[in-house]
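Heads up, there are several structures right after this.
Both complexes below contain subunit A, partnered by subunit B and then by subunit C.
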Partner chain A sequence: MTRSRNFAGYAEVAIILIAFALLWFAPLVVGDYWQQLGFRTLIYLTLAEGWNLMAGSAGLVSLGTSCFVGLGAYVAFGLLNGMGFPLPLTLGASAAAGAALAVLVSPALFRLRGLYFTVGTLALAELLRLIMVNVSAFGGASGIFLQNDPPALPVLFHYALGVALVASLAITACTRTRASVIFRAVRDDEDAAAQMGVRPFRVKLAAFAIASALAGMAGAVQGVKLGAIEPYGMFGLQWSIDTLTMVIIGGVGLRLGPLVGAVFLIALGEILADYPAAHIAIAGVILIVLIRFAPRGAVGFFGSMEQARRGRAAA
Partner chain B sequence: MSLSGAPLLEASGLVKRYGGLVAIDHVDLTLASGTITGVIGPNGAGKSTLIGLIGGALAASQGSIRLEGRDVSRLAASERARAGIGRTYQIPRPFLDMSVEENLEVAQYSIAPFQSAASARREREALLERTGLADAAHLSAHALPLLRRKRLEVARALALKPKVVLLDEVGAGLVDSEITELIALIKSILDSKTAIVIVEHVIRVVRECCARSLVLNFGRMLVEGPTADILANDEVAAVYLGTHGAREKTPSRIPVSEEDLRATSEGTDAQRHLAPLIAPQETRSPAPALECRGVEAGYGQARVLKGVDLVVKEGEAVAILGANGAGKTTFARVITGALVPTAGSVHIGGRDVAGLPAHRIAGLGVTHCMEGRRIIPTLSVEENLRVAARGVDGSTARERLDAAYALFPVLAERRNSPGTSMSGGQQQMLAIARALMARPRLVIFDEISLGLAPVVMDKLYETLALLRQAGMTLVIIEQDVDRALALADQAYVLEHGAFSLSGKAADIAADPRLRHIYIGAEE
Partner chain C sequence: MPDVTVASSTIASGVLLGGMLGLTALGLSIILGVMRLVNLAHGEFLLVGAYCGLFLVQLSGVDPLIGLPVVAIIVAGLAIPLYRLLLQPLANRGAEAQMMTMFAVSIILQNAFVLFFSADTRSIPERFAATPLTVGPVTVPLMYLIGFAISVAAILAVHWLVSRTGFGRDLRASAADPAAATTLGVDVRRVQMLTFALGAACAGVGGVLIGAGFQFGPSSGASYLLNSLAIVVLGGLGNVLGTLVGGVVLGALQSLGGLTLGDGYRDVVGMALFLAVLAFRPGGVLGGARG
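Let's look at the complex of A and B:
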């Protein structure tokens, strides 16, 4: 078991590295439209990977993604404008800020279990947004502009690629190593895990902090691309809803769930771009149908179909 | 080893209150290294609560717990586990989505995250070997049956390398040969640095493992002392062991001669009271109540039953015995239609029922009192009973309820409580009463004595004897050989999916081969 887990882990790292290396050359081949689309997919992939770690591995269902996206963007703008930080260092600082906020609020949030935790994260996101709206030092409701020009699109694409790579490798580290059994133990039965010596608080905090750091980085890159940020967009509930929808459509707790969900939802958005209302309605219908017939998402559904097919073939 | 010969674990003045209810009332417990302590007592006496308080799953309302002189009373369960207190759950709680091996990894890597993979694997292999799970290492915990999950509980607790091991009813449901293995396992855990606490209804485990024992009753310590004295104590016999347990070592038939019982007023009273719960016998039809011919069944690739023949006449009590995994419950599932046999025929009252859905078979008057009770937790006691009497008018249902309450008065007292809020024994009574609510012709009682105190088992078997007197046809699937054989007319012993022994219950009881199957001793 351990050996096969190690092997699968190395194979996964190799696949990720190869895939991202190939994508690195995408701007040489494809035009602006596809780079824009790729950028959005990579940002959402990062958010969805983090969300999936929380929900799928530690059982934490969060509606607070937007809170960390916004925080990352505001921290990045502060450092870029105020102190002239280089962008890579700024991304690191945004990640650190996300993780720090997660640690700071965890004693309060982790008192809440299940649905109450979810509502708690939603409240946190709203709280932060209201602070940004009302404190003029942070630009108030009209937001902040980036003083220097944002980098060119291919450069931004590469930054998004880098952030998504960090996310993918972090998740591999959490799901393919011995840490994965600890995460799953807490998700399956927190009390029984505690009786095995696992400290559930720390394990949940680790998942929350990693997800928040990833969201902080993603927010920073997104903010820099926009060149101007304001609270309603960066702290918008849409970030949280989209992320959650992607992971549920793709498959909660499954390695490929976030990727499949992110690609699917963004492709759907593009196909129906001319009918924005239909887009939302169709995504909603798909979500309902999936939860009814494939509670483990698209990846889980096709996985069990494949298993059944093999079962028939064997019989 | 702690210094200066201080006890390894010392709990003093432990109190646990749930609102007004005192579950544990000033209990003291001292464990020295290298000892095994038994905790016995009736269902609901607070034994599992005591385990929870020491393991840290529950916070004590009062009192202190010291491990090697260090006060651990305020520590969370995870910290106590790390300090060296390992426990098992009475109802196993494995991580179901993980393999057996991964279940152990949780404990290993939580206490030593940087242990080398090779040494951790060696430890796991040794642990699985010791607990008899070596062949299941890569199986999902979900695939393990109840008793192997119990072994996994023990293996997980040991993976912590604990100083204090708390075993909560790990012996329930095991047959004698398995109990022998369990006793050997428990003794092998013990070394000069470890202390073990066993909460157990299987008296043999307590007698053979524990030098000292204590008896809990209503949350209080009744007596404490050398195990031999405890088991000989009259007070203990009164609250816990009952009549049968006291002479457990001499397997003899309870005299349930029909003439005796019919003669007493109690017998006829019972019959009259029970009438609403028992379908009248089909006297005209010569067909047996149940007839199975060459039944084969299994799950997927696994063939569990390999050709089983069984005839149960009207009004007869039949015991089906056998070790765990022999196929007893699978057989019950075939009779009730939960599982479709792959070969052979099943006739109920002369009617071929193979392939009939379960609810149609239930309609023929067959009910299954399932292993593990299956009480619906969201329903009250009375609602649990009413659910089983669907399709009858209100006054008939009322009549049956009254008869069920007459059979088990304690259910009447608790009629509005949630079904699972009662003690294990009361829940089993509810399960039996529920099986009777459909006014069945034939009832399959599946492991009704599992995890119950000996006095409660006696009570339940007295009830079954009454049902038999009143003319009900009974199929009793049981680990507790003595009680089942004492009650039954005919007995069948399942071994590897086929009957290896069958005949009159009295003959089977005397047959040396039965001992061989159960004890596993070489002749």
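Let's look at the complex of A and C:
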């Protein structure tokens, strides 16, 4: 059992490394349009991987992704503009800031179970956005410009690729090692897990902090690409809606869920590019239908269809 | 610090607005208590009420305050099919599934508002909104006081309904222990449906009151939802009268925050208070029926 799990884990790491290595050369092959699309998909994948870890492994449903995306971008701009940090170090600092905020607010958000975490994250995102809007030191409602020019698109693509790679490997580490058992135990029955000597608070906090660090990094790269950030965009509820939608579409708790969801949502956005409002409403309808009829998302749905087909073939 | 007249009038306005929002928060609170559902579309229910009030005035010329029962019925009538079609099938699937569904409903409604009513900010025309009421150093629009009074009356009516009637007994039983209530012959699904409709009606009526005194737009819902949640945790879950007190306290503190720090900080105070209460007094500052 242990050996086969280890083997599957190594195989997963190998697949991820090969896929990302191949993608590294994408800017040599494809034009600006596909690089832009790829950049967005990688940022979304990073956010969705973190959200999936929280919801799928620790049962935490967050509406606060935007909070950490915005925080990451603002921290990055502060360090780049104010202290001339190099970009890779800045990304690390944005990740650390995300994780630190998660730890800081966890006593409030984990105090009551389940639902309060969700509304607490929503309130936290709103609080941070309002603070950025009102405090002129943070640029106020008009935001901050990056003093130096942002890097070229291929470079940004490589940064997004790096961030998504960190996300993918972190999630593999959480789901392929002994940690995955502990995560699942807490998700399925917090009290039983506590009886067995697991500390639910720490486990949930770990998932929340990892997801927040990933969102912080993603926000930093996104902000640098934009070259100018303002609170309504960087702290917009849209980040949280999209992240949640991706994972529910792909399949909560499934390894491929975030990837499928990210590709689907980006493709949907492209198809409906002329009707941005319709894109959001359609995402809402898809959410309702999937929650009702395919709670394990597209990957889960097609997976069980495949199983049923095989079952029939065997019989 | 501005002079006494401005300060006292601002705080009085805050208290009255808080009381008006208390009715909406009460709707959120009873849905949360009975269905274990944080209705993330509650802010949009409020806006449905506000838009209904607006169009009722524009189409019929009836005073929006007289149209309140009509709005309550319309919003409750909208909530019942939502419950039957979307929420009831998810009843055994945990709290998250229903909450996510209502979240999806909220984003769909937001888009529908923009599509049908445009992104403009509006206000329900109401003759009392422009009439000033002066008591000593305090001057507020008469509408605020009328809205507050109607809200208090509605909250007391709901309190009576919950604590004194047969439906209220079923409601309390379903909130305390749905399984035991079912065993004792309570039709918990029906109670949940009616509770959802009642909660939505509270939001709708609150929407008319707030829409007549203040401005609203298609995306105002999230802010009202979060402030209502702050009121619910301040007043304590399941505490009907606590919700009214919570609303007044939140309104007063928001006005104080706005006065001392600047107007943009009104909502900052609300959110910070909400998170602080969650962190330090999760059972509600006033002590709730449940912790």
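The working rule: the second predicted complex is superposed on the first by the 314 of 315 C-alpha atoms of A that agree within 3 Å, B and C clash if a C-alpha of one lies under 4 Å from a C-alpha of the other, contacts with A are read in each partner's own complex, and residues count from 1 in each chain.
Keep in mind that, in the parts below, contacts are C-beta pairs under 8 Å (C-beta built on N, C-alpha and C of every residue); 3 or more make two chains touch, one makes a residue touch a chain.
Just so it is clear, the structure is predicted and the values come from calculations on it, not from any experiment.
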| item | value |
| --- | --- |
| When subunit B and subunit C are modelled together on subunit A, clash or fit | clash |
| Which superposed partner A:E126 touches (first subunit B, second subunit C, both, neither) | second |
| Contacts of A:I291 with subunit B and subunit C, given as first, second, both or neither | second |
| Touched partner set for A:A193, first subunit B, second subunit C, both or neither | first |
| Broader residue contact with subunit A after superposition on the shared chain, subunit B or subunit C | C |
| Partner chain(s) touched by A:V30 [first = subunit B, second = subunit C, both, neither] | neither |
| Those residues of subunit A which subunit B touches in one complex and subunit C touches in the other | none |
| Subunit C contact footprint on subunit A (complex, rising order) | 61, 63, 105, 107-109, 111-112, 114-116, 118-120, 122-124, 126-127, 130-131, 133-134, 237, 241, 244, 248, 277-278, 280-281, 283-285, 287-288, 291-292, 295 |
| Parts of subunit A lying in touch with subunit B, wherever the complex brings them together | 1-2, 6, 178-179, 181-182, 184-185, 188-189, 191-200 |
| In the complex with subunit A, residue positions of subunit B that touch it | 55-57, 76-79, 81-82, 86-87, 89, 93-99, 101-102, 105-107, 109-111, 113, 117, 120-121, 137-138, 156, 159-160 |
| Subunit A partner contacts - residues on subunit C that touch it in the complex | 32, 36-38, 40, 86, 89-90, 93, 95-97, 99-101, 103-105, 107-108, 110-112, 114-115, 222-223, 226, 229-230, 261-262, 264-265, 267-268, 271-272, 274-276, 278-279, 282 |
